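Here come two complexes built around chain A, the first alongside chain B, the second alongside chain C.
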Partner chain A sequence: MKALYHLLLYVSFWSCCQAAQADLVVIANPQSGIEKLSKDEVINLYMGRNRKLATGVNAMPLDLAAVNAEKARFYAMLVNKNLPEINSYWARLMFSGQGSPPLQVETTDEVLDIVGSNKAAIGYIERKKLDKRVKLIYDPTQ
Partner chain B sequence: MSSRFSRLLLSISMLSLAAPCLAADDKPLFISGFGTLGLVLSDSRQVDVVRDLTQNDGVGFTRQTDFGMDSNFGIQINKNINDNIDTALQIVSRRSANNFQPEITWAYGRYLPSDNLQLRAGRLGFDVYLLADSRNIGYSYQWVRPPIDFFGSLIISYFDGADMIISKPLGDGVFRAKVFAGVAREKTFTGNTDEFLSSNRSRLLGGHIEYQTQNWIFRLGYTQLRFKNDFPSLQPLLDSLRSPYLNGLIPSAAGLASDLSLEGKKFKYLSAGIAYDQGPLQAQLMLNQLSSESLLFPTNRAAYLTVGYRIDQWTPYFTYSASRPADRKISNPLPAGISPDIDMLAAGFKQAIENQFNHQTTISLGLRYDLTEKSNIKLQYDNISIKDYLLVRNNQAGWNGRANLISVAYNFIF
Partner chain C sequence: MLRLLRTSIVYRSAFIVLGIALLVGIFFALLSYHFSAKSEQEQARQRTQASLSTVENTASIACFVLDQNLAAELARGLIKNGDISRVQIISDGKVLAEADKQSTQKSEPSALTMLPSIDASSQLVHEVYSPFNSKEKVCEIHLDPNLDFIREQSTSKARFIMYLLLLQALAMASAVVYVVLNMITKPIKNISDRLHTLAPESGDKLCLPDGNEKDEIGQLVRDVNTLVASLLETLNEERTLRIKHAIGEKKFQTIFENAETGIFQLNFAGELLSYNPAFLRMFSLDASSGSTKIANALTSLLEGQELRLHLMIDMAINEARVMSDDFYIQLAASTHKKWVNLVISPAEDGILQGLVNDITERKSQEESAKQLAVTDHLTGINNRLGFEKEISRLSKEHANGNASGFFLLMIDLDKFKQVNDSHGHIVGDQVLVHFSQLVSNTVRKSDFVARLGGDEFITLLKDLTSLEKAEEIAQKIITLVSEPISINDKLSVQIGASIGISYTGPTEFIADNLLRQADAAMYEVKRSGRNAYRVVHLDAYQNHQDAGIA
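Moving on to the complex of A and B:
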């Protein structure tokens, strides 16, 4: 019974927090040739299932270091997983020759710099940090 | 110095030679690694439980508290040559037939021209686990060790050869087909102290088809191994069956020896698996069947079901696994009562086959705790009951076929 209660608690926790996570958006370079990505396409790129963008170039997804609260929120929103699970997922792939995790950068400003200057880079940032250097390609609220 | 060790030194020195050149071509080496420090306790001193058949002794009879069964350490080096080509080297030390002597488990080049095609050649992992082609990375799965009843009888973990994966988006998911071919290199203990069964130079051929969606993976696989070498302890029995004296009395005896021998015989491994992964819930169901053209290895089947549910840093999990012989009947073509010698030979023949039956059941309960981003600790209880002795060592007369294990494992990656 207690387990069921916990389960319910978690289900309600996750559903309540979907709204709070919605302020994260996925961005790319304005010259990337990408108009919009679906949630599945974002998952495929961030989880290493696909590497190429529609334009044929290798995508360069950017991740944030775990000290940034956005990282945990991004993966909770995307695949409903916490960071240790994301790490063990990548350990499984990396140590079985199926790919390597997204490049990790220290701050959101770095994400903006790299995406702004690299056609293959994609990243996630808080909506309020959007600027002219980058283009919004996935908005979870839509 | 063993050739394996010198090969290891060679590859390390090649890498160190490569290292200074890197700055120039701006393609760095990625060095990563993994390890497990595991402790296992058994309540039975009458049998050794082992992680797999490559381990000659384990926990229980040889030692009641064992640091060696699950502990391992591995280093992996990856290098990108260009956008479409990369290379990898992995070296692992674990308790196996070479007892913690480091082994090169991978050394391959990979060509990835698109998301739909991948080609690799070199030393490759034999991927029979649904979620990864290595079973050594304790950090990456829920359990302390992959279910013994299911994976313990697999004697191949890598091979020298090539593989190809073709993938295509299909519906909401991705369809993949993989084929591989090569030669096996490893050896395994036979259960008799210091006696090995070598799979070296046996030809391996196989593949799988897989369908993956956001939450599900379905896979069907088939592998065949054409055995190159014979079972050493079988030799006296084969010699007796081939003796002119016996064939004078029973003309079919020599044919029986060829049916029993492993040399040139095909082993077939069929597997099917389903994995489900939805947020905090993870579940897997796998089935397999191992059969052979040799009379010596009767068909065995195995299955496991595992379910885990994460609550913050804690993931409690449950696993049920079992293996069973498909058929216990042993036809005995040697007529009884001709002579005591022949009766003894018939008994030896029957015993040799019975030793390969696999009837074992395990119920496991465990808890994984995520310590840091790159380490976790697990506590697991296993209740094992055994009717055949294929997957255990040093079973003593009078053992009741039961063992309970408590394991603690600290796992990390870097």
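Moving on to the complex of A and C:
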């Protein structure tokens, strides 16, 4: 019975989030020199493990402020954690004084602006907001 | 200390209980040390594990981003756990962070290494995985257990248990001491003190100690009382018996002392062992004279008769019979003989009991009766019976061959009948008395004189072999008898004597022949004119003389 309940929960969750995640993609500047990133590479960049891109420049991952619904969806998709967990994670690293969380911006539009103008910047947006200023480098659906 | 252990039940039992309690305590202390050390180690492991799981998230983050600060912070956190002596966080073979306990006190292994099974090589390695990928190992945490701490912990626990056990042992020992002292030793001490001063003869008894009336000590006291009472009773009986015995003894002693009969004990050799005063009186012995003299008094007094005494003793012992015999003794003090009757009966162990009675009076009565029988009432010399006894005695002596020859003189008075007829019997009797005195005075004392009857006399000249001597005596008698005998102032008579003499040598002889020959010789004298003597039957004398010459 319990097993069945778990299964149902999982199936419903997966179908919902699949749909939710499906519309978030990771983008970079078209001149960044990056074609594609694996999920692990995205995680490493966003969770502060890697600070440099494959091209050797310091990466500048962009995060949304907590008010954006996309943020929670992004981290759920990426590392399967909720925002308090992510906050707690960064809190520890900040305490040690070594790590710092990604730069936070207010809106998806700002993300598009910065990525479009900065070769080192990467960010996540809803798929439908993709435009020519940016380049898709990680699509979770693929 | 040893003396106390030997003499004091309290000390001994306390010592033993304490010893046992200590041994058991030490055993259980060691056992508990062993187990508590193990469990302490296990607990230390669990505590370490718990610490690790607390920091696991942070560790995983620190390792994920290789954050040395965070890792070092974490290591410092871990090292605060007392069970851990060293923390290393190693990522990809590189040490990310490290922390060491500045162990101020080095372990003192002397007391502790002997303690068991603290696994010194039990370094704990914990693998830490990425927070985002549970399959990706990001680092390892190496933990060294703080052995000293664990040891100290378990030792202190074990020590605590040990102290408890020792305390328990002490408490038990003192409880035992208290119990033994109050329930056993004190009552026993009281009893023994009472016993020391107990005067059972005045009816004293041990009193039952309070609280012990029904137990073994009470039983002991009752038994002692019973024992004392029965001993006392026995003692009194014994005493009464002894008094009775003493009275009886005294009676016998009185009898022994005052008896007129001599009572004595003698041994096989005839030596006196004990005697009563009557015995001493009887033998005129002085109690103060030397004991050896008295011991040998019997044999020395019976000198010459000791053979009979020894025969009596032998028979009394060998045949277990009461022997009795008469002995005569010549006492030094008085000149007269004493006759005693000795009765000897065997007692035990070769000792004989004897009784001695003075029978001198009886003996002398007997003797005088005998004497009377052989005495002529008128003249006081032997009568015919006396002569017959004498001659048969001599005949026996000669037959046995231990004798010498003798002369027999047969004397017949001449003219006695006329005296008797003319002057009466009284004068005749006087003449007979006169004549017998005359003859007795003429012959030697050892010679024998008898009146056979009427005016017939006989004389035996003993141990004489000389005919001349015999004839001389015969002649002397004839001469003396022919002298006038003055009866009173007015009357004087004269008589004569005819004597026949016969002789026998030391050989055997026939008494009748001797008499007959002498008689015949005497009648020859009478026929040939009286008042003379004749020696007849000289063949025997001649033969003897010849034999003597040859």
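Things to note:
To be clear about the criterion, the second predicted complex is superposed on the first by the 127 of 142 C-alpha atoms of A that agree within 3 Å, B and C clash if a C-alpha of one lies under 4 Å from a C-alpha of the other, contacts with A are read in each partner's own complex, and residues count from 1 in each chain.
Note that a residue touches a chain if its C-beta (ideal position, glycine included) is under 8 Å from a C-beta of that chain, and two chains touch if they have at least 3 such contacts.
What you see is a predicted model; the values in this text were computed from it and never measured.
Once the complexes are laid over each other on chain A, chain B and chain C cannot both fit and instead clash.
When the shared chain is aligned, no partner comes close enough to touch A:Gln142: not chain B, not chain C.
Touch criterion not met for A:Gln31: it reaches neither chain B nor chain C.
With both structures placed on the common chain, the touch criterion links A:Asn87 to chain B but leaves chain C unconnected.
Of the two partner chains placed around the shared chain by superposition, chain B is the only one that A:Lys52 touches, whereas chain C remains out of contact.
In the superposition on chain A, contact of A:Ser100 is made with chain B only, not with chain C.
Chain A is touched at more residues by one of its partners, and among chain B and chain C that partner is B.
By the touch criterion defined above, A:Ile43 lies against chain B and chain C together after alignment on the C-alpha atoms of chain A. After superposition on chain A, the chain C segment that clashes with chain B is 44-52; the remaining candidates among 44-52, 386-394 or 422-430 show no clashing C-alpha atoms. Shared interface residues of chain A (contacting chain B in one complex, chain C in the other): 40, 43, 49, 79-81, 89, 92-93, 95-98. Interface of chain A with chain C (complex): residues 40, 43, 47-49, 79-81, 89, 92-93, 95-99. Partner chain A is touched in their complex by these residues of chain C: 58, 61-62, 64-70, 73, 131-133.
By the touch rule above, chain A contacts chain B in their complex via residues 6, 10, 14, 40, 43, 49-52, 58, 66, 79-85, 87-89, 91-98, 100.
Every residue of chain B that touches chain A in the complex is listed here, in rising order: 30, 32, 34, 74, 76, 78, 83, 88, 90, 106, 108, 110, 112, 114-115, 120, 124-125, 127, 131-134, 136-137, 139-141, 172, 174, 212, 214, 278-280, 310-313, 370, 373-374, 376, 413.
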